[in-house]
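Next, two complexes with chain A in common: one pairs it with chain B, the other with chain C.
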Partner chain A sequence: MARRLPTVFLVAAAFIFPYCVQRIFLHTPIEREMGTAQKIFYFHVPLAWLMMAFAIVAGIAAGIQLRRGSLRAEATALAAAEIVLLTGIGVLVTGPIWGHATWGHAWTWDARQVTTGLHWLIFAAYLLVRRYGAAGSDRLAAALAIFGAVNVPIIYYAVKIWKTTHPSNEVVGSLPAEMWASLWPALIALALLSIALLLVRLRQELTDIALDEAWIRLNERGEA
Partner chain B sequence: MTSLRQAWLLARNDLRQELRDLELVLTAGFFSLVVLVMFGLSFSALGREAQVLAIPGVLWLAVAFIGALTLTRIFDREREADTLRALLVAPVERQAIYLGKALVTLMVLLGCMAVLVPGLLLLFPAAAPMATRPGATACLVVLGCIAYTSVGTLFAAGLASSGGKNVLLSVILYPLTTPALLVAVVATRALLEGHPAFPAYLKQLAAIDAVTMVLSIWLFESVLVGTGASARRR
Partner chain C sequence: MNEEYEPVEGLDRASKACVRACEAEAAAKTASDYQHIVWAYGILWALFAAYGVLLWKRASRQRVELLDLERRLRETP
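Showing the complex of A and B:
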């Protein structure tokens, strides 16, 4: 069953996503002030939540990797970081589109925008270190992922600490019921897709590690 | 207390080495001067209002460049002489190694600031509040440099111990230090404009210093040598 979990999640996401698009555009009332541009909110917010959640997953996994030397944790941190990069691209594309429609400028150097952009850069740096770092740089990359996870509360509270034009965190909580009813399917579909991708990458990484170890054992036996 | 004493001894050893050939002081000092001249040539024609916006960026970008150069060189010495391993097996606390290296980097950066700040005062009339409020300027400079040094020392040490390429240091360092440098830039602008929010920005910078320092000290041993199973596996 565990082997089929990514497929199950992907199929479920494939059914839920068209439903949520149809719900958002046809059955959710148009927001009074922002008009149709507000529809992007149903994709932007879940992507941002997922980006932050997977950054925390990557940070915790990297911590376990550093403390216990767990290969599974190392693979989880890498897979989660890749999802952060992907969802981060989604956030950084949808955010400025919304900003352009409502603020008149795609990028205003708002504190939330800047901290999110830097967050994306930290995880891009993590993947670069993993890809091009010398032997032993996996520990260095793990520390980078932990710093990335620490950045999550800074992103969340950026709208409270600094003066920003970005909507506050309370906006989501004050949504009417029919908007929540559209936000949930979008969140579930995107979460299922992200988890499925994480599981696929996790399995690939674990296979990669197992192949490396088998190769080392084979060489050692050859030398003996 | 032992850790702090060990850190001071390690830093003193590095400083003594530095005093013998002045390599880092002279190269970083000269680099500060070159960066200053380049920025001066680029921005000297700006009006006073535009200078207020440009000076914070000039100052902290220079710190970012000089810091990367300094951090690379500090651990290159250990790598060239193969003394990092000796340092790791010596009976000193790992945190003391971190604090010692961070202290040397901080002192070099502050030395460069002693060139940069008067240079800015000379080149840009809008930098005058830095001279009229020396205490506030000193606090800002020290807190900004601590934020850069605390993160930089951790990753420069990790890169040196893993035999990694130095180009990766910039890749890691800039995204991680930008939040602190950004607050430092905003605080510098507040200082130049005489904005009442300046002390609040200093507090934010101090909070960033505290978080990065604690996190770096906590992670230093794991990054440098690995702990438990991770150390045994490698």
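Showing the complex of A and C:
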């Protein structure tokens, strides 16, 4: 069953996505001030939540990797970091497009934008160190992932701590029922898709580790 | 006096009509701003599709490596 989980999630997401889009465009009222561009919200916000959630997963997995030397935890951290990078690009692209439509500027150096941008860079650095770092750099990379997870509350509270043009966290809570009814399916669909991709990537990383070990054993056998 | 137009300080009837026309035009533009939507949704799906292709290519490479490993195992005494 565990092997089929990514397929199940992908199929479920494939059914929910069209439902989401038709709900967002046909059954959700157009927001009075921001107009049609506000419909970016239904994917922008869930992507931001998922980006932060997977960053915490990557940070915890990296912590376990450092403490116990677990290869599985290392693979989980790597897979989660890739999803952070993917959802992070989504947030950093859809946000400025929405900002361009409603604020008149794509990038305003707003505290939420800057902390999200830095967050993305931390995980990009993590993946670069993992890919090109010398022997032992996996520990440095793990520290970066933990640092990235620590950045999550900073992103969340950025709109409270600093004066920003970005809407406050309370906006989502005050949404009318019709908008929530469109936000939930979008969140579920994106979560299913992201978890499916994470599981596929995790399996690939574990296969890579197993292949590396097999090659080493084979070479040792050949030399003996 | 036309009841449709309330007297507003500093605005004559023509200016007020002009402001209303501009506001209506802006509201219509905001309500039909599909350009930003198309870009945002398009890029979003393209990103996930690109990552899917990346995963698929990585899986293909692993399959080739696995076949190579099996071949080498058969050849090694």
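Just so we're on the same page, the second predicted complex is superposed on the first by the 222 of 224 C-alpha atoms of A that agree within 3 Å, B and C clash if a C-alpha of one lies under 4 Å from a C-alpha of the other, contacts with A are read in each partner's own complex, and residues count from 1 in each chain.
Throughout what follows, a residue touches a chain if its C-beta (ideal position, glycine included) is under 8 Å from a C-beta of that chain, and two chains touch if they have at least 3 such contacts.
Note that this is a predicted model, so its numbers are computed, not measured.
Chemist: With both complexes overlaid on chain A, does A:Glu213 touch chain B (first), chain C (second), both or neither?
Modeler: A:Glu213: touches no partner chain.
Chemist: So, A:Ile154: does it touch chain B (first), chain C (second), both, or neither?
Modeler: The first partner, chain B, only.
Chemist: Is A:Glu178 touching anything from chain B or chain C once the two structures are fitted on A? First, second, both or neither.
Modeler: Touch status of A:Glu178: no partner.
Chemist: Check the residue A:Ala135 against both partner chains and state whether it touches chain B (first), chain C (second), both, or neither.
Modeler: After superposing on A, A:Ala135 lies in contact with chain B but is clear of chain C.
Chemist: According to the stated criteria, A:Leu66 is in contact with first (chain B), second (chain C), both, or neither; which is it?
Modeler: first
Chemist: Looking at chain A, which of its residues have contacts with both chain B and chain C?
Modeler: In the superposed arrangement, which is not itself an observed complex, chain A uses no residue for both chain B and chain C.
Chemist: Sort out for me which residues of chain B touch chain A in the complex.
Modeler: The contact residues of chain B facing chain A are 151, 154-155, 158-159, 161-165, 168, 171-172, 174-176, 178-179, 182, 204, 211, 215, 219, 222-224, 226-234.
Chemist: Under the touch definition given earlier, write down the residues of chain A that touch chain B in their complex.
Modeler: Residues 65-70, 114-115, 118, 121-122, 124-125, 128-129, 132-137, 139-140, 142-144, 146-147, 150-151, 154, 161.
Chemist: List the residues on chain C that touch chain A in their complex, please.
Modeler: 27, 29-34, 36-37, 39-41, 43-44, 47-48, 51-52, 55, 58-59, 62, 65-66, 69, 72-73, 76
Chemist: Report the residues of chain A in contact with chain C in the complex, numbered from low to high.
Modeler: Residue positions touching the partner: 21, 30, 33-37, 39-40, 43-44, 47, 82, 86, 89-90, 93-94, 97-98, 100-101, 193, 197, 200-201, 204, 207-208, 211, 214-215, 218, 221-222.
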